[in-house]
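Next, two complexes with subunit A in common: one pairs it with subunit B, the other with subunit C.
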Partner chain A sequence: MIEKEVTILNRAGLHTRPAATLVKLASKFKSDFYLMQDNLVVNGKSIIGVMTLCAEQGSKLKLRFDGEDEEEAAKEIVDYFNRGFDEL
Partner chain B sequence: MNFLNNIQEFTKEYIEVGEFYENCRCLFGLELIAENDGFSKKIREGSIHRPGLALAGFLDLFTYNRVQIFGNTEIKFLHSLPDEKRIQSLKKFFEYDIPCIVFSNDHTPNEKFIDFARERKVSIFKSKHATTKLIYFLSDFLDDQFAPQCSIHGSFVDVYGVGLLFVGISGIGKSEIALDLVERGHRLVADDLIIATRKGEGVLMGTGSKIMKHFLEIRGLGLLNVEKIFGIRAIRYQKRIEVVVVLEVWDENKDYTRTGLDKQTINILGIELPMVILPILPGKNVTVIAEVIALNYLLKHYGYDAAEDMQERIKQQIQEKTEKRDKRIVSYFEHDFE
Partner chain C sequence: MNFDLIEKLKDKDTVILTGIPSAPGYAIGKCLKYEKEKFEVYPSVVLDVNSELEDFQNAIEKSKKELRKIIDEAKKKIYDDKMVSIFEAQLMVLEDPQLIDAIKNEIIKNKHSADYSIHSEFSKYIEPLQKSNDISHKERAKDIEDIKLRIIRNLRKKRWESKLTQSRIIFAHELSAADALLFVRNEVLAYVAEGGSLTSHAALIARALNIPAVFGIENVLNKISSEDEVIVDGFHGLVIKNPGPKFIEYYRKRIIEYDKLKKDLSELINVESKTKDNVRVKLYANMDLLSEIPSLIAFGAEGIGLFRTENLFFDLGDFPSELEQTEIYSSLAEKLYPKILTIRTFDLGGDKINLMNYKEANPFLGWRGIRVLLDNKPILKNQLRAILKASIYKNVRVMIPMISSVDEIVMTKEVLEEVKNELSMEKVRFDENIPFGIMIEVPSIVCCLNEVAQLVDFVSVGTNDLTQYLLAVDRANQKVFKLYQQFHPSVFRTLKVILNDLKETKIEVSICGELASNFMAIPLLIGLGYRYLSVNEYLLLQIKKLILSLDASECEDLANKVLNACTQDKIITIINEFMQKIEGIDYESL
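After this line comes the complex of A and B, so read on.
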């Protein structure tokens, strides 16, 4: 299991488009992917879950990857966060 | 079970007095008397306290960090004191960091009391209800606020009044089943993200998240608003979670129950809930099965269990047959010439 902390960098936050891309990315991997904010744990492979977070610019999220390809998944997804969902 | 392993229990650490007031105003008409500066104070405990003894001077076990209730007893007691003593008693009382005070029976404090409270930034509320009733309302509200919660990934539908929680890996078809059930006249509580709260002993309540209530995602279609499409009859805001239905891909090597005698349960937030593990196969109508799960649960609730009934019948038959045979222990007498 890998846990990473990321910050939302882009201005618009984790809105519909990045949420959809994120879910698509996560679905490529076999590993379970969860996002955590405060007390809320959501499944990263479900668009509604990810959108529920309504994560705004500057907010911090904890990501959890668990499964056989967790390292690749973590690398790619954390990278997507760090690129500010390609909106920077 | 993988998808339920990730459940993280949490409880609120505090609620702010402002939030407490806002909710209680709507729920049972709590009124604000004085002080707005105290709205950011934090209530950290679900219990409440009647400060009779504290006012009388016994402050050893004064649970000052709870919501303080002033009922007839407290008011009468304060009135009975000579002025000087009353001020002294209140002074001591207000030295503690009290979150807020509620007066029952429509009592209102005097100016002096309000001054003390203002100085210490303590909000004062009043209620028309009698003390016992007020305590019941407040405790119920605070219990709920401080109840353990968790978020669960699944779909939650009210089927014939039974709360069925569907869980399973992403893409197994939880939302499709929910949609199908709604189409057949059942009511969606939440899809995807369900927030479960333990209410009292043995009751688990489920609801959706504020933002995403009654939205569904169907792969290939995208996001749907169930309330807009199917109308108000298709939704509800909260429901007791009564049966957990685990959907999984058919596994040849796994034993699925054939009789229903082996009752399986699952523990969520310390509550044991009946669980049905349902293997998904082509040609299997999960919606109908879900309806039957609900009906069967109702039937069991009213005292009938099909599996046990069958077991009883078989037992009886076997016994009857044995008895018949037993009429003559030896079925064939050999000649017995004596």
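After this line comes the complex of A and C, so read on.
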């Protein structure tokens, strides 16, 4: 299991489009992927779940990857966060 | 339409409802109330779990099929792929494994009925979003709610009847984008709704498809019954119930005239816009909706004088990335070439989109336009990058809103230079000499035009905000609304100063506010010396027709009289006298 902390960098936060991209990215991997914000945990492979996160710019999320390809998954998804969802 | 005329035309039981004119055109016909069934859901236990699961799966498949059809229909009728993404996100929810599994579990483990299981699982997501203060989250809640209703309806094997057997005017509480799209397959005459505004997705679709629409009429479904005879006036935002013979007669004439006008006007498309004494007045169009490009070209606009990019937030529902912006701007520039495209950077804040969910006591005097952008350089840089990338055909101009000081121009230009350098380093092609302009809408900048002239290539006057700031009147405020005088002497005197101060320069001075699309104001603007007007696209040909029948030297006399008048009433009287003398223009119909 891998856990990473990320910060939302782009101005508009985790809105519908990055949410959809994130779910599509996560679905490529076999590993489970969860996002945690305060006490809320959502399944990163569920669009409706990710859409309920109110992650604005500057907020911090914890990501958890668990499964055979967790390293690749973590690398790719953390990278997507670090690129500010390609909106910087 | 004025009150005297309404009084003259109405019958004893005529009722006039007013709303927001959301798509132009007229319709006379019978109403059809489009009321989406409210599905009450109660907790109930089922005996046959397997058949319940099967019903649920069928409802999901049916809903997917419907959404795919909507996506297809949208792609066919609306030239804008980005709007389609709203529906595509909905489709993704129907395929969400966590959601679908949770609903199935609810059915299997608790033996709850499918509809109750759907309702309770969806609510877990919808309720927190509804409680949010953020408008975009509330919108998300609406989207998700819409999917929920779609599945439940399909579960009950019901349809939302969007097939019309006869021509009807559709009345609804709220029209979704999908509704507005689906009725068009049949003979819909017009749309009227309680909710919605000029910028709602349904309005956008109505305009793209030439269906008149009036939105924002409070409680409209209680004021109308199906089969009532009504007139919809999409130009003035009127719905006339029980119009009576005189009203119908009047509007029949209007419809014939409008059709004729459209035909006559179509002959004007390739006619150069100039006055009788050969003074050329260039007509640009204002644009805020991506889908209108084909009609812009069809209406013979000589370019886009104002592209309001903040509306991309409405169209896309979210923050547009650099890549998305680049695609949109490039495709527009390409389609318009060699006509020019003036892209105004995001004018956020004020009464417009408030992305940051930031509240202030006085938004019009607060954080808006360039002020927001200079505080959020990444957004500004992103947008400038996209604009520059679209400029390879050299027909793109960039314009900055809400400039109140020379400093802001200097700072913005520094960012522009920075972005240009970055792009050069990245070996990206762009127009090195992209024309740079500002909006003139804050009175303070009118006092600095000599310095502004050293820094910009063009300016465009936004008369709505300029008037609001000159008069210190918030026009959305009911109490002072009447003090907002479009024809206040200060407006025209300021317009005169602007031209005078820039007379010796080569700077193009245009007007892109509402005044430029106001028939009463056009002779006056020409008389003041304005030669570039950026107008509403669907009025462009009518405006051209008016210009063709004007004499610039007479307009100048008019302007001189108006500049000496000291009240709005006096100015309007002077203009009225002038207008009645113009030949070939049906003054009443303006």
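Everything that follows uses one rule, which is that the second predicted complex is superposed on the first by the 88 of 88 C-alpha atoms of A that agree within 3 Å, B and C clash if a C-alpha of one lies under 4 Å from a C-alpha of the other, contacts with A are read in each partner's own complex, and residues count from 1 in each chain.
Heads up, the rule we're going with is that contacts are C-beta pairs under 8 Å (C-beta built on N, C-alpha and C of every residue); 3 or more make two chains touch, one makes a residue touch a chain.
None of the values given here were measured: they were computed from a predicted structure.
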First, second, both or neither for A:Asp86, with subunit B first and subunit C second: second
Contacts of A:Ile48 with subunit B and subunit C, given as first, second, both or neither: both
Which superposed partner A:Arg17 touches (first subunit B, second subunit C, both, neither): second
Partner chain(s) touched by A:Asn39 [first = subunit B, second = subunit C, both, neither]: first
Touching both subunit B and subunit C, residues of subunit A: 43, 45-49, 51-52, 54
In the complex with subunit B, residue positions of subunit A that touch it: 27, 32, 34, 36, 39-43, 45-49, 51-52, 54, 64
Complex contact set, residues of subunit C against subunit A: 85, 89, 92-93, 96-99, 125, 128-129, 132, 134, 136-137, 140, 144, 316-319, 321-323, 355-356, 376, 378-379, 382
Residues on subunit A engaged by subunit C in the complex (per definition of touch): 10-12, 15-17, 20, 23, 43, 45-49, 51-52, 54, 85-88
Subunit B to subunit A touching residues, read off their complex: 2-3, 6-8, 10, 149-151, 153, 170-171, 191-193, 209, 211-212, 215-217, 223
